[in-house]
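The chains carry the letters A, B, C and D, assigned in the order they are written, with residues numbered from 1 in each.
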């Protein structure tokens, strides 16, 4: 994702437009952002309501007009964004650039493939901007913390998912062979689908084992899967807990500094530097909590 | 919630009534509370039994009379509560004030909208008073601990729920477009409902994907949702674990004090102050457990 | 549960019988235990197979005879156990005494209420003795550890379950009022049953919301319940983690003893007693792992 | 599993073949491994596609030929593997040796029992070799870490599963007695299957309680099972968290050694030995992370 600085044009109307559209510190910038959020939510509602048959029958034409209005509005906004940034291609390839484009494409595509126009509500992703706009910096911190925990445990999760995929292919095949097409397990892919539904404890019940052997294997799958479910939870929990406990310790070592040898990492109740023996200044009592 | 002190009237019959109704330390106060709990539970049973068709047919009139008796009783109690507190409006706007009002409204409302009278069993919330009445202080402590853990992780949970809402809207739309109205996905809201049922691993099975592409996407949803489920558990667990480990450490550092330099934070088995070398008084052995 | 010592008779044939039946250290005692486990498992199989219609039609009489044989055997054993202990009533009221009695009652009761004879497989609980017999002491330790974690968090779990019960009554009533008897929510108890099925993410799908408002409320229930599910996991995990980290520390302090002042609780790598300054004997390196 | 060294033949064509087939460091070895992975995946697709009725009708003969081609290829490979190792029997009894054999057997078996040929996709297990081949050593480390956590908690999990099995037998019997064969609980094994489906929160909904007493017991099962689900998660999480926190500590104590008294276990920022007072060599800063 490009940094803001590289995208800002140096001067002129493009700079003014840039500050209104991309920044949120001026009055007009904030008004623009508010108007944007409101129109995203309204356009979302339009798409969702249009999909309900009873509402479509009564309000179909009106909703279609609204739909087109919002799409034209967002198309204009997209073009303006492209026009006012310093390097349009960098914006177009950034996360929000792609989302902005995907938000307007479905309706144009809908002229050729009618059903695809409902995909327009991928524009819900544009609401992610809200975090930045509403200055929810504390939430950003928490989101970063969660993201960090997920990233740190990504390798464990990939190993785990790989094991699940192997397991699911074998179990799906076994159930297909045991239960057969007469009991709903019409092919190996369907068996794999059933194994995923069962291992994740979702349990739709659209396909269920009927033979005693099948039910015995299913019981085994459920109890095994039960133990397996514990693993991702364990991975993520351990990572979040590590993050939580790491923060205060880091603070301790970061806030206390020996004025004699400039070493760090002293316990919060140490009076003398453990490296040179010099006296440490007392920290404020409330500092660590 | 207003503090008890502000609500107590200074003298007279209102003070006497206040002590009976709001406090639980006198004999009459305890009797009142006991009678209240018994009548709340009996009135709950009345409402619940009335909703069962076979019982209603046989005991309908008797249950209706009981229902009215309890409502009139609770109305009287509500009025007495209003009468005996110093600042009635503060009580009326407090959590229990609102619950007390909501407990008697449904039956009166039921005169106009018959079905709504069953909402009377919102009075189950009045049982929360039981904690205070039965002096379950240890349980109060645990409840406060759980509440603290939930509050401390509220921001992480909101970020997480926000992500789930975005995900569910996109997945619901995709399934609506892929499966279509013929397979039960009659509108985007229904698709979103299905996505929630699947992501939370509830899996009712009232709506299930029929097309291979839909089943493939559903499999992806379930496995993804699986990893995602780990997150709230991880958040709450890390928070509870942090609370649990914080308590004993605090006690240690709080209960031992050097009488020479008044420093704190000594290990429970230390004999000499680690800061000035003075002798520490021995703590009772059982103190830390 | 009475201690073994109090139950042992002092001498004579009762003492011999006691050692065979209750203890597992002699050859005859071990043979008796093995025969017992085998006959418990065989009698379990008899009861389970008898419940399968197709097997009952073909082998009904034979299974019934086996059933009676095992029950008479276990009755004899129960009488012998009563005869050879010092204080028969104490045994009869102990956990295994009650289980032993419950294991033989159903078949006698089955003479009057036929269906109840299947309850005979409560004798599966007798297999808990296996832990003691097979000298699975390490497993006993782990079981005690799990039990301790559950007990230590029982108050948090009761607070949590209390909250769930309140929630489930209110949600069940709301769904009953919203969906009505036409959509399967035939009474408030059924609504409560549905709320439990949904909150615990079991999701049978035998009763599902049909109205949009009901589906919206159900979505809310699932997402809320989702956050709530994290709580018991968090409680138990934190408790087990606390136990896990506590155990090695205890071992450390228990295995090292100052030979001069007999104080305990020294770090595993300490060379001098922190209480009296005397030299500590070096521990074996592999001791702590 | 035999070590690589014992399997390597000393010289000749067998050694050359060995290096191509078993090792992955030479160019030809890497090519062989790549070709192997591609053909495993293709043969898997063949088996899976063949099970889909509509595809089988159109491409049946072609898929069958492909199936036989892959099996003959894998049979040849298996024979070559046997030929080029030093101790063929040791390879044949190793994990991958058994998997390699199981990958080719089903099709030959399919000549006698047609259905069994689909079991050929057990060859998915051969993909586990990929980890070694692609030099995914970091992933291997994470996999070992997960395996260690699972092994370390295996005794707790066995105790837990034992409890679940006892519980499930008793609950299944109770439901069979309460609900009876008319409501779908046709035998005790079916009742046990239902209890497993419910306790693991899978909830297919193919068998559900119909009587009020059955629904009440089911509610109890779900809420109890709810608390029980927390246990395996707690066990695994605590173990992973312990592993996560143990690793850096172990490294610290293992990597720093006092050159004067050869003692270990020094903090990473200590400058002097805490046992003899000698100067410690400084560790590289980035070492601990």
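Simple rule for what comes next: contacts are C-beta pairs under 8 Å (C-beta built on N, C-alpha and C of every residue); 3 or more make two chains touch, one makes a residue touch a chain.
Computed from a predicted model, the values in this text were never measured in an experiment.
S.K.: Greatest Cα-centroid separation from subunit A: which chain?
M.R.: Result for the farthest chain: C.
S.K.: Between B-C and B-D, which chain pair shares more contacting C-beta pairs?
M.R.: Between B-D and B-C, contacts are more numerous in B-C.
S.K.: Given that subunit A and subunit D are copies and touch, would you call their interface same or different according to whether over half of its residue numbers are shared?
M.R.: different
S.K.: Calculate how many whole Å lie between the centre of subunit B and the centre of subunit D, each centre taken as the average of the chain's C-alpha atoms.
M.R.: Roughly 41 Å, centre to centre.
S.K.: Measure off the straight-line distance from the CA centroid of subunit B to the CA centroid of subunit C, and report it in whole Å.
M.R.: That pair's centroid distance is 29 Å.
S.K.: So which stretches of subunit D touch two or more other chains?
M.R.: In subunit D, residues 189, 201-205, 229, 233, 235, 237, 239, 241 touch at least two other chains, as defined above.
S.K.: Provide the residue numbers of subunit C that touch subunit A in the complex, in ascending order.
M.R.: 201-205, 233, 237
S.K.: Spell out the residues on subunit B that touch subunit C in their complex, using ranges where they run on.
M.R.: For this pair, the touching residues of subunit B are 44, 47-48, 51-53, 115-116, 118-119, 121-122, 124-125, 127-128, 138-139, 142-143, 145-146, 149-150, 157, 161, 164, 189-190, 192-193, 196-197, 200-206, 229, 232-233, 235-237, 239-241, 243-245, 269-271.
S.K.: Please name which positions on subunit D make contact with subunit C in the complex.
M.R.: 155-156, 158-160, 166, 169-170, 173-174, 176-177, 180-181, 186-189, 198, 201-205, 208, 212, 215-216, 218-219, 222-223, 225-227, 229-231, 233-235, 237-239, 241-242, 263-265, 275
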